[in-house]
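Multiple structures are listed underneath, in structure tokens.
In the two assemblies presented below, chain A is common to both, partnered first by chain B and then by chain C.
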Partner chain A sequence: MRIFAGLFLLALASTAVFAQTPADFLAGYSQEAKQANPGHGEPSAQRGQRFFTALHGQEWSCASCHTRNPAAAGKHAVTGKLIEPLAPAANAARFSRTAKVEKWFKRNCNDVLGRTCTAQEKGDVLAYLLTLK
Partner chain B sequence: MRKKCLTAESAESAEGAGVFLLFLRVLGELRGKKMKGMMMRKPPVLLSACLLVAGTALPAHADGERFDVRNPGYQSECAACHVAYPPQLLSAASWRAVMDGLPKHFGSDASLDPAAHAEILRYLEANAGRRDTTAAGKPQLRITETRWFVREHSEDLPRDVWKRPAVKSAANCAACHTAADKGDFSERTLRLPKGVQK
Partner chain C sequence: MSELIQNRILVWDLPTRWFHWLLAASFAGAWLTSESERYSALHVMLGYTLLGLIAFRLVWGLAGTRYARFKDFAYSPARVVQYVKSLVAGKPEHYLGHNPAGALAVFLLLGLGIATGVSGWLTYNEIGGEWLEEAHELFANAMLVVVGVHIAGVVVSSFLHRENLARAMVTGYKQGGPDGSINKKRGIAALLLIAAVAGFWGLWFNGKLDSLVSGQASAQTEDGGGHRDEEDRRGRKDRHDDDD
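Let's look at the complex of A and B:
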């Protein structure tokens, strides 16, 4: 019995570590942004939307693939491959695993901005995505 | 049983194909040389043996252009952005060159963490084609530029076929090969989009 109880607790603990919610990510980015710049306020959905649709000195914006409505499916700008919706309300798999989220931010920010995104930019974009239903 | 037919496409390297080969040999219908044809224009004997094995699963005109692309890492990392191109369509040297350049992968950052990179490279090398895919002494990176691809797509297709809006790019296999995502490039699943006449 004790072993089972131990395993159960372990399973609970690992769920807490690995299964994250979009709100966890938002809180994390907000905290990180404040650490980098103490004067920084809360993530802004409006700023996030502007960031999402604007070009940043490269060929593509976020919307080039995810479209201007990230609650709907998008399409890869080069290959035409279907991209599932990005907004968590439309696709529960989004913003649920750190490794995946960070991998895509790394790749896509590099494509869209030619650099990594700041915690503030990530927080703003996520705040925007969370306003979509 | 059907899986054996799928993996037989890469019979020289794929797991499980050995058993299948043995089966064919027992039938006394196959010489090793014939398997070198690998992906296109299978000798009819292979097809018939495959049909025999699969029972009723395959239609009579299935032509053996099927590949097993069910590798979890390859699917989740590579097929997120494009069709899971069958590893058999490039040589191991070409795949190594592709995987060496992932941070700038045809204009996109497709970088992988070291564990995923190693796993996928292993899969690609193990299932790579035996055909030489070099040009001017360098490994080719684009399947669509290999001699095999150009030859296979040269017949009766309009010259601008890759530029048509419904196709967009020669890399968009699924525009015509409707089951390309499953590694199925058979005639049965081939549908030219509207406006593209053969």
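Let's look at the complex of A and C:
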């Protein structure tokens, strides 16, 4: 019983209460990708950049709104609304809360790919974003 | 109430009916446009529409015809419980206007509608904390639950009363004694309501209200980003079109 309570608290702490760092997310995606496919290597910034700027069978790429320079502010492809920079170096609020990160990956991957992103894809994109200064 | 003479009598005035269905459509539309950025502008438009409709309903709750007025259906919680018990027992108490359960749905939906709309607006314009984003979703989910219970209640009540309540919200008519009838449809007020919604949508789709979606409010707050100045200019240029 106590173990479950402990696990529950841990889960709560890791998702909602305590702030996380981009490095925590990167490690998490890397681990998840390896579990899904043991052949996977580490997240690749190069692959992430290609993924970020390419179309994936839909109308938009990630860069359609976040631009090819995600260290600067982006602009919404429909509304024209300003989007704060995505790269953690330019915007400390990014990749700091699991609930928010997963929500927006889910929404935006659905718009760009028509499906959810894999852990490998998320890891690659984050690795790319972390190379931006 | 006289149960002896049952006529087809007018119960819901036109503005109440139009409000009901426009609100239902706006909420359904906002729900359906919530998951994709593609429909972001539409979602925001429907949010404004929903808030505008509710503002109208608050006025109409004071200025409308008999059954549309809040004081006609401001039932105590005890009456709601009593009504639900009568429903469960299969012998529902009959009300010409909103029954106590329907009344509760009205007040909950008005309250949740305001909460959803306002938290959505604040989130969109990046005013207040990030918790508002989650609050917005929570309110919207709560609203969906109330809508579901409301529809289930309408179906159950309709069967038990042998009275199609959904149709009454379209035609305005129910069966009842002649003294239960309202005597005005209030067509002009309904026309004004419809014109306001249509006008707002018209301006929206013609790009006259772009400043509401380009988020000029967020451009005035927080720290700098390179696009701020450009964003500010655009906001100012559009601002004179702001009024509806």
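Things to note:
Following the convention adopted for this analysis, the second predicted complex is superposed on the first by the 116 of 133 C-alpha atoms of A that agree within 3 Å, B and C clash if a C-alpha of one lies under 4 Å from a C-alpha of the other, contacts with A are read in each partner's own complex, and residues count from 1 in each chain.
Keep this in mind: contacts are C-beta pairs under 8 Å (C-beta built on N, C-alpha and C of every residue); 3 or more make two chains touch, one makes a residue touch a chain.
Quantities reported herein were computed from a predicted structural model and do not represent experimental measurements.
Once chain A is used to superpose the two complexes, chain B occupies space that clashes with chain C. By the touch criterion defined above, A:85 reaches chain C but does not reach chain B. By the document's definition of touching, both partners, chain B and chain C, reach A:107. By the document's definition of touching, neither partner reaches A:50: not chain B, not chain C. After superposition on the shared chain, chain A has more residues touched by C, the comparison being chain B against chain C. After overlaying the two complexes on the shared chain, residue contacts for A:73 are found with chain C alone; chain B is out of touch. When the shared chain is aligned, no partner comes close enough to touch A:115: not chain B, not chain C. In the three-chain superposition, chain B clashes with chain C only at 207-215, the remaining stretches of 153-161, 207-215 or 225-233 being clear. Contacts of chain A with chain B, set against its contacts with chain C after fitting on chain A, overlap at residues 76, 78-81, 99, 107-108, 110-111. Of all residues in chain A, only 59, 65, 72-73, 75-82, 84-85, 97, 99-100, 107-108, 110-111 touch chain C in the complex they form. Across the interface of their complex, chain A is touched by residues 80-83, 103, 106-111, 113, 168-169, 171-172, 175 of chain B. On the side of chain C, the complex with chain A involves touching residues 35-38, 40-41, 44, 130, 133-134, 210, 213-215, 218-219, 225-228, 231, 234. Chain A meets chain B in the complex at residues 76, 78-81, 99, 103, 106-108, 110-111.
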